[in-house]
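One chain, chain A, appears in both complexes that follow, with chain B as partner in the first and chain C in the second.
== the complex of A and B ==
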């Protein structure tokens, strides 16, 4: 892997140059918090942040995405036909994405890119995008990435990993996409001997600053029905107000709804984020709702992330430990606590007591 | 442990032991700074979970809707007004409730405190009048009055309006508060400016519905935004749909909202949607001399016709 040295000047000039070939997206502070937004010409990403308030998943997977348009105008030749809306996606680079959020796309890909079915909307955007990661020197107190299959300098899902230094950055080129971006930015100066070791040292130090953990080792082996019928769901779900904050802020939540919106005889079919927290998520046409109570819905969210996903893909939990749902839940439902309860439930053997 | 916490535990243990209630709804210690979690306790030996401090801003009346048990409900001033509203609207019966009133000095605004600190807050402690936030390399102490939720700083009903038990001495109510300066500022804008102001206000909305769901008034079995036959509102990020949701939700709260601030507190992106409900609260006060949730005897403004109701707006 090639290691590069980028001083402040090369950084600023490099991004300006790269902006000729890429649409740049980076963290920008709006009012009180950071969001990932397209950078204006000459605008630099603002790295004075721990992480963005909401995840950058919208870069690949917009909350509202037109899939098709149609017309019922009988005089038109294309009446009654769904016409695909192809989103114009120029080569894009997300500059300063945290390793947890980049890893999240790898997990989400498992859903949108399967041997049988590929989601062209998600895949086109993902393939057009280069992920320039920013190692996390100061993780939040509520981050638990190191026990969620990730870490503050985790490389999976990144094309290039930056580490901030006093003079600027060191960069580790991880993929051909990362190489192409470095070339476009004119970042060519090789880092001196020992830089990779220094990067590893930074990563170790950052990992040492993580103070929050989850236990997941028993989640796979404990029978799903035992967890489903575990006695703690009433207590876990009590405070839940069934808003979508956890799922909408989560970088790994991928569920969507499809809606037609019409105006006169013209219409558009939209792909929209949806949330398993909403009663409407599972409401049947008959009026029956198989997840009719908040207990059902809260249990579904945690079982999906921490059990069904684990069993189906054997890739760990469907969570990268970014801590957003922990920080943003209006009523302090904490996935770390629930994960540990689920994981501990198997060990305690209480499962046997459930009829 | 604050003395309020100790008193709450004592009351809860007594009510549960005697069988006066089947459950007590209150708060337990949160897992992150400045957050507590609404919880229930059913056994006297579990009352040690209950806590009280300046981070109990969520309105617990929300957890009473259509429950069947006999419940002890911990209620600060605004919660108690929403308990009254719930009783008036038949969402719970008075006989089911033992209201454990908590005279309140206001809840802390976690965003305000975070913005005044130079780094991530890792620990928070408090005295009767001050809150101290600490993180790596810093410690800041604030006068509690300076970091209250906005609605709490304007509150004129800090004492519970109904209660069967009281967890502490009644507090002095704030006098001479100008509750509607922010609403007047919006009223004074030109329509164009106001429209732009609302556009900016609602631009960050992600339609998570935390504001609606944190609100004790929003208990409709199916909210109008979730209706599908017919579908009144689109579900995407179209600004018209976003505004329709916020404006209509506010109108559904007219004459019912107690300005408890749960909506604003719950919002993950910091939208002050209270501006809308406060405008309606102000109108109710000016037109009908009505404040929500103060009495079990009076019918709400929009629930009652009086021959002298103002009707100047009918032309």
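== the complex of A and C ==
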């Protein structure tokens, strides 16, 4: 694994150079919060942030994405036929993505890139993108990445990992994509002996600053119907207003809708983020709704992330511990508490929450 | 990369009104592009998304049999936006079909076995596909006795009435057609709900007998205890589920029952599988 040293000047020059080969996306402050946005020429990513308010999942998976266009003009030879929209995706680099958000793409990939069928919209964007991660020196109180299969310097899903230092950055090149980006940026200066050990030390220190945790070890083995019929769902879902904030802010939530929009004779078939919090998500044409109450829907969200996913893929929970849903839920529903209740229920059959 | 959301272009060749309330119509399609029919190779029990530009898509069981060549056939109940629009379309119109999707009835497991098909109302479409498939001369010898218990509210609400009559005349399939009630003096078949007819007519349970059951929830609810009483084991009771779907390929997240997606891991499940799963259907 190659370690590089990037001082402030090399950083700024390098991004300018890389912008010739890549579309750069990075954290930008908009009003009070940071968002991941395309960087204008010469604009630097603003690293004075803990994390973006919403996850950068939209970079790969836009909230609204055209899939097909069509014409209803009866005189046209191709009337009523769907023409695939192939999004022009130049080589893209997300500069300053936090390790939790990069790991989230690895989990979401399990859904969109399966052995027998692939979602070309998601996969093309993912494959065109290089992830330049920024280690998290100061995780916040609602971060619980270290027990959610991730960590403040977790490398999975990253092509290059940056650690901020007084002089600039040290960088760990993790993949060929990361190597190519470093080359494009002209970052060639090898870091001195001991830099990797120093990076490990930084990671350990950051992990030590994580103060909240989830317990997940029993989630896989407990029978699904036991969890489904556990007594705590009424209490867990009581305050929920089914607003969908948790799903829209979540880097690992992938559910979507497909809708046709027609103006005049021209139209487009769209893929749009959807949410299991909404009653329409599962409403049958007959009026029957298998998840007709908010209890059903809240339970679905937690069981999907913390049980169905765990069983289906054996890759841990479908959560990276970024804490966004914890911070943004208007009624303070806390996935950490629910996770610990579920895991604890597996052991004791009781529903006491562990802090 | 093949785009799994891209439908095959098809033309409507024929539209048949199936039921007296005109709420069910059967659509026969042919593929516009050569080779697409082969690419759409399917098994009885699978479904497809019928795709109408500007309206959307609906998941519908394939009513034609893999043994029927040159067309595919779907029977559609008029319910929502897409199905209502489809009901106003006519022969010659162009639209799309995406699939085949999902799994199928366990034909390999059922080889050499007796099969009882229990259907109600308009959920008879993939059952029709299955019957035509099994009765095909190339396949009939691969199955034991075939029983069909099929009920509708009235004689005029039965699907595929001419075929039902033709199957009644055969000696290699036992038909038990029933209606909930009728004033028709010419009605010469059973009168009574599907569960009651099942209790009377279903073949004895055993290792060598499978039941495929497909119908409205109320019919399923009262037929399952009957099958249980008759001694059908849960892994010999085959059901086909419906849930709201969009993608049809296990990605969009809405049709799951537990970790299984009805669209990809189903729609066909054994009762044994369903008993291990949250029943959100």
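Convention: the second predicted complex is superposed on the first by the 348 of 355 C-alpha atoms of A that agree within 3 Å, B and C clash if a C-alpha of one lies under 4 Å from a C-alpha of the other, contacts with A are read in each partner's own complex, and residues count from 1 in each chain.
By definition in this document, contacts are C-beta pairs under 8 Å (C-beta built on N, C-alpha and C of every residue); 3 or more make two chains touch, one makes a residue touch a chain.
Being a predicted model, the structure only gives us computed values, none of them experimental.
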When chain B and chain C are modelled together on chain A, clash or fit: fit
Which of chain B and chain C A:311 touches, first, second, both or neither: second
First, second, both or neither for A:238, with chain B first and chain C second: first
Touched partner set for A:279, first chain B, second chain C, both or neither: first
Partner chain(s) touched by A:111 [first = chain B, second = chain C, both, neither]: second
Degrees between the directions from chain A toward chain B and toward chain C, using C-alpha centres, nearest 10: 90
Contacts of A:32 with chain B and chain C, given as first, second, both or neither: first
Which superposed partner A:67 touches (first chain B, second chain C, both, neither): second
Chain B versus chain C as contact partner of A:257, first or second or both or neither: both
Chain B versus chain C as contact partner of A:124, first or second or both or neither: second
Lowest C-alpha to C-alpha distance for chain C against chain B (Å): 7
Common interface positions of chain A, toward chain B and toward chain C: 257, 259
Chain B contact footprint on chain A (complex, rising order): 30-33, 50, 53-54, 63-64, 138, 140-142, 235, 238-239, 241-245, 248-249, 257, 259, 261, 270, 272, 275, 278-280, 326-334, 336-337
Residue ranges of chain A touching chain C (in the complex, touch as defined): 67-68, 70, 72, 79-82, 84, 111-112, 114, 117-120, 123-124, 223-225, 228, 254-260, 262, 267, 269, 274, 276, 281-286, 288, 290-291, 296, 300, 303-304, 307-309, 311-312
Chain B - residues contacting chain A, complex: 30-32, 35-40, 58, 62-63, 111, 115, 120, 122, 136, 204, 206-210, 212-214, 222, 226, 228, 234-238, 262, 265-270
Chain C residues within the chain A interface of the complex: 1-7, 9, 51-58, 79-80, 83, 93-96, 217, 242-244, 246-247, 249-259, 276-278, 280-281
